[in-house]
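Shared chain: subunit A. Partners: subunit B in the first complex, subunit C in the second.
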Partner chain A sequence: MPDIKDMNKFDAIIVGAGPAGTSCAHTVAKAGLKVALVDRGTFPGAKNVMGGVLYRHAVENAIPDFWKEAPLERHIIEQQYWLLSDDSNISIGHRSEKFAQEPYNRFTVLRAKFDSWFAGQADSAGAYIISKTVVDDVITENGRVVGIKTDRPDGNLYANVIVLCDGVNSLLAQKLGMRGEFDNRHLALAVKEIISMPREKIEDRFNLDGDEGATIDIYGEVAQGMEGTGFIYTNKDSLSVGIGVILADLVKTRVRPYDLLEQMKNHPVIKRMISGGEPREYMAHMIPEGGYKAMPKIYGDGVLVAGDAAMMVNGFHREGSNLAMTSGRLAGKTIIEATEKGDYSKNALSRYKDLLEDSFVLKDLKKYKNLPAHISNYSEFFSTYPEILNKAADEFLTIDGVSKKEKQRKIRKILTEKKSLWNIIKDTYKSWRAFG
Partner chain B sequence: MIECNIDILKKDIANKRLDMHIVVCIKQVPDTTQARIDPKTNTLIREGMPTIVNPYDLHALEEGVRIKEEYGGKVTVLTMGPPQAKDAIREGISHGCDEGILLTDRAFAGSDTLATSYVLSEAIKRVDLDEKVDLVICGKQSIDGDTAQVGPGIAQRLDLSQLTYVIKVRSIDLKKNSMIVERQLEDGRQIVEARMPALMTVVKEINETRYSSLSNLIKAAKYEPAVWNQEVLGLDTTKIGLKGSPTTVRKIFAPPPREAGEIINNEGESSKEVAEKLLKLLIEKEVI
Partner chain C sequence: MKIEDRLFLVKFNPDKESHLVIKDRKTCRHCEFKPCQYFCPAQVYEWDEEQKLITVAYEGCFECGACRTGCPYLNIDWRYPKGGYGVAFRYG
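Our next item is the complex of A and B:
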């Protein structure tokens, strides 16, 4: 009888086949190490939810020229930002012809398709993809992490390093005491629908050609006074329409997430964008938005944490997948170096932190470290400001025989009715500071 | 005395093959539970639809592995399909099969049940040349075609005992090359003894599929099946692919919804009155 412990011994085990885990497994496998990528889905990505915009640079680092073969929806050439009041809208946008050409800039994806393709790349690089398997616990010996316990018969698996890429709900990091209880101010709940729509209609409506795409980020009325934002992204023959709000606000207001999305879809301005579409999938998922200050411990003896499990999301820029992929790749690099030295101690694995510090991941998270708390204190950014700005714009653009001087006075009144001028200046200054 | 014993033993071994070789045929099908219908054309959207191993075939795999565990031997899993059907073979390995063979070639594409059973039976012949096959197991039918013709087709071509809708394997006697099974019929069960080699198709109720062990999953993750294409098999090209498939699909349509039944109300009426009403209706509708 061969010793199961030996037969099933790997250089690394990665828990979770999202962008973080797959990118880690891909990196480690490419270096010729024996790595297992374990996921509970029927196939990698089966249950994954994302807006979602994928950024080129992070994927490119793993797979050059991926846009030639990966299952992408559209390459984004235009990004719009909308400030909604209850019946009007101010929009700012940017469109560039440069983004219409290879290598492109960012892409919309449907994660179920993309993740399973990406896992296929890790498979080809040599990783063992183990699906339909839940990791129940981490095995420790003398304070070191040495393996995982799965729900399979004879389900223990051992490795020199275990990487936790199990997403926002990382129970494993919690079991290891690497992070504390959840704080619902650090979590956003996002609900999303995929709405089928014929290609031609999408291209007409958003002024696109072929596989070009557009995104709209929506601030204001849609969040019903809570801290949150909505989005509309174009896929090939569907739109991703969703909204995310801070969990603590949802708990306080007792608004049901599904109703929030329904109301957003019924907003007169948004209704136009999605009319003629057929809802085909509904999903809900958490986003870790606590930022740098809310990050858990990300390395220990025989263990690393990456992606959402490590709170690596830049909520303001709606970036998550790229931080996940980059942290996964750097965790992989750390494992390769540790294997060369044969040292998997906490000290050796702290190299991961250094690599992250040198990358945009920790630089960006640090830069915005005060933003989550700041925004929590100023929920008016999501309600009062969009409303008064829309009112002011209405006034400015309505030609009704009122003299321009009188208009200016009226606009000033609208602006200061809900907020004193001094407060507006203070808010602006503090916000500027919070952006680092 | 001692010599005599050894002689008996030798004779025993010659008569009784100690190992069984089981071939399980499986098919990769679209996961219709995740099916989406194109609202415009009302057809199935196949793009991006995940594939699974035909649910009946999972029970075929399970039964193959159970028989192996009880009687000893080996299970070979066979599938015909596109190159991606390698995933189905890997699933077979994760369920405990020992070897897998993928039959794939553009020339096989578009095969109907007649052509498919030809390709599979030729492949089984070849497997049998290497290692004698005692039993072939298929699922009752596939969920995407629902024909239930491939298994019987193989049995016919290879002259195997044909055991369809098997719900229980009672016993196998390797010495006598015979097996006893229970078949699920519409009005009951039929117990049949058949000579081996045999082919059986199984219903879902035959067993509960197991949750594969982690070590089998790991073995399956990197398993590379033997790949047999037209060059390897050298089949009669008039019998495979579209050319070898006389079946054409005229039309696919959803069956008309069942009409709601009629409920006879007995409010305020005696049972006799209700019975009379019912009788009248039945006669009216020419049921009796």
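Our next item is the complex of A and C:
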């Protein structure tokens, strides 16, 4: 680690060595600029948690062929979606042999390992990695951001541009007035366990070969009527098993998140998938799920905001790391251009917004801009619908001498018992609109 | 699995001082449901009926930030532990 006192001014300082910050630092360092990447963990990744599925395209932009050397768990060939009731399950899945071949499609990762490898790449590209350092505040002069104040002695550092990649809580964006206080409806709190399991058992149980992997996203009963979803992802010799719920719902219901996870693990359908495993680590982290409408300001004089700090998560598709990496890279590109012109004003840095508008990041966030509010108004998607659909399927698949015509009548009754047909149609229409 | 056993699986390097401070003890006494006791994923907060205060077991905090805005009175002075302290995930 470089001695912090020897360092005078940087072209850019990036706060936070998650996917957003590291990809920004990597981009800027590769262009030959002087960049510091500051993180509060003992090593980059020590504080970070995700499900976690990493998407190839976003990483590839920084490091071609990364899958040959990065610490990845499994390449995903099958994705399942489960709709659980209290004792049954409807599942839809997709498996593709194409995803079993290089360059693959998506991968499971463990963030403590992946992030430290990724930061190592930024280091090799020439970035100064400064760990074990909390950025307490941002230094401004005449309304322009000029540096950071760290918790090290003589720990002030200066740069032309500061990039806030400090994750979901982004205290720094709040201190700068780039966002107000959060609405607890815009935050999901997730808890997760790493459950170790012998590789062969995972491969047999999930029908996989070698390093192939599968993911299961779970809706319905597991969230106990709250707005939330569970997941089971396969790693090399462990499963990532977790559940995330909107914070406002947890505050209101007073359900303990670890009880929720324990009950999910004990669901009869899930229990079979994880049996024979041993919990190895337990963890919690928040996810910013407010979407486009809840985004903070993302550029100002001498400052840019990327990744979770900028609310760039596509909750519906469970994407965050790729939006973080892409926004970090585009922030880096903006800095390179600004450095060429010697202009770090808000106006010059607004280029970042244009680049994001042209990328999938803002296109996708805009497409789903009505979804977070829509889902909040329809908590039934997480309770009533999974329940009635499972009942209907149970009825349909039970061969008990009842005529098919009579069955259809019964199913229709199940479907409309809790919801009128008209309401189902209305919900469907509104959802279709919210999905844009 | 009990929360104590869960936390036992996690590596923490706690600082000597708490990074979480209750701003005003009186507010907690009037706080109806004391939700911090429930939603905190590490059970950091517990109501001590005898002393009439919330105890803060900051040593096992995940630094997730939920209590920062989850406390209905914004009564928790929330910051990160000093650099290098706090939770260190092995897997994440």
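By our rule, the second predicted complex is superposed on the first by the 429 of 436 C-alpha atoms of A that agree within 3 Å, B and C clash if a C-alpha of one lies under 4 Å from a C-alpha of the other, contacts with A are read in each partner's own complex, and residues count from 1 in each chain.
The definition used in the following text is that a contact is a pair of C-beta atoms (placed from the backbone, for glycine too) under 8 Å apart; a residue touches a chain by one contact, two chains touch by 3 or more.
Worth saying up front: this structure is predicted, and the values here are computed from it rather than measured.
Q: For A:255, select first, second, both or neither according to whether it touches subunit B, subunit C, the two together, or no partner.
A: Second partner only.
Q: Residues of subunit A touched: more by subunit B or subunit C?
A: Subunit A has more residues touched by C than by the other partner.
Q: On the A-aligned overlay, A:36 touches which partner chain: subunit B = first, subunit C = second, or both, or neither?
A: A:36: touches subunit B, not subunit C.
Q: Taking the superposition on A as described, I'd like to know which of subunit B and subunit C A:154 touches: first, second, both or neither.
A: After superposing on A, A:154 lies in contact with subunit B but is clear of subunit C.
Q: Tell me the contact category for A:180 with respect to subunit B and subunit C: first, second, both or neither.
A: Neither partner.
Q: Please indicate which partner A:210 is in contact with in the superposed arrangement: first for subunit B, second for subunit C, both, or neither.
A: After superposition on chain A, A:210 lies in contact with neither partner.
Q: Can A:276 be said to touch subunit B (first), subunit C (second), both, or neither?
A: neither
Q: Go through the superposed model and pick first if A:129 touches only subunit B, second if only subunit C, both, or neither.
A: The answer is first: A:129 touches subunit B but not subunit C.
Q: Thinking of the overlay built on chain A, is A:198 touched by subunit B (first), by subunit C (second), by both, or by neither?
A: Only subunit B; A:198 stays clear of subunit C.
Q: What part of subunit A is shared between its subunit B contacts and its subunit C contacts?
A: Overlap of subunit B and subunit C footprints on subunit A: residues 42, 46, 110, 112-113, 133, 150-152, 280.
Q: Within their complex, state which residues of subunit B touch subunit A.
A: Where subunit B meets subunit A, its residues are 36, 39-40, 48, 50, 52, 210-215, 217-218, 221-222.
Q: Mind listing the subunit A positions that touch subunit B in their complex?
A: 4, 7-8, 36, 42-43, 46, 71, 110, 112-113, 116, 123, 128-130, 133, 150-157, 196, 198, 278, 280
Q: In their shared complex, at which residues does subunit C touch subunit A?
A: 1, 3, 6-7, 9-10, 13, 33, 35, 38-39, 41-43, 62-66, 68-70, 72, 74, 79-84, 86-92
Q: Provide the residue numbers of subunit A that touch subunit C in the complex, in ascending order.
A: Result: residues 40-42, 45-50, 110-113, 115, 131-134, 150-152, 168-169, 171, 181-182, 184, 187, 189, 191, 193-194, 238, 247, 250-251, 254-258, 262, 279-286 of subunit A touch subunit C.
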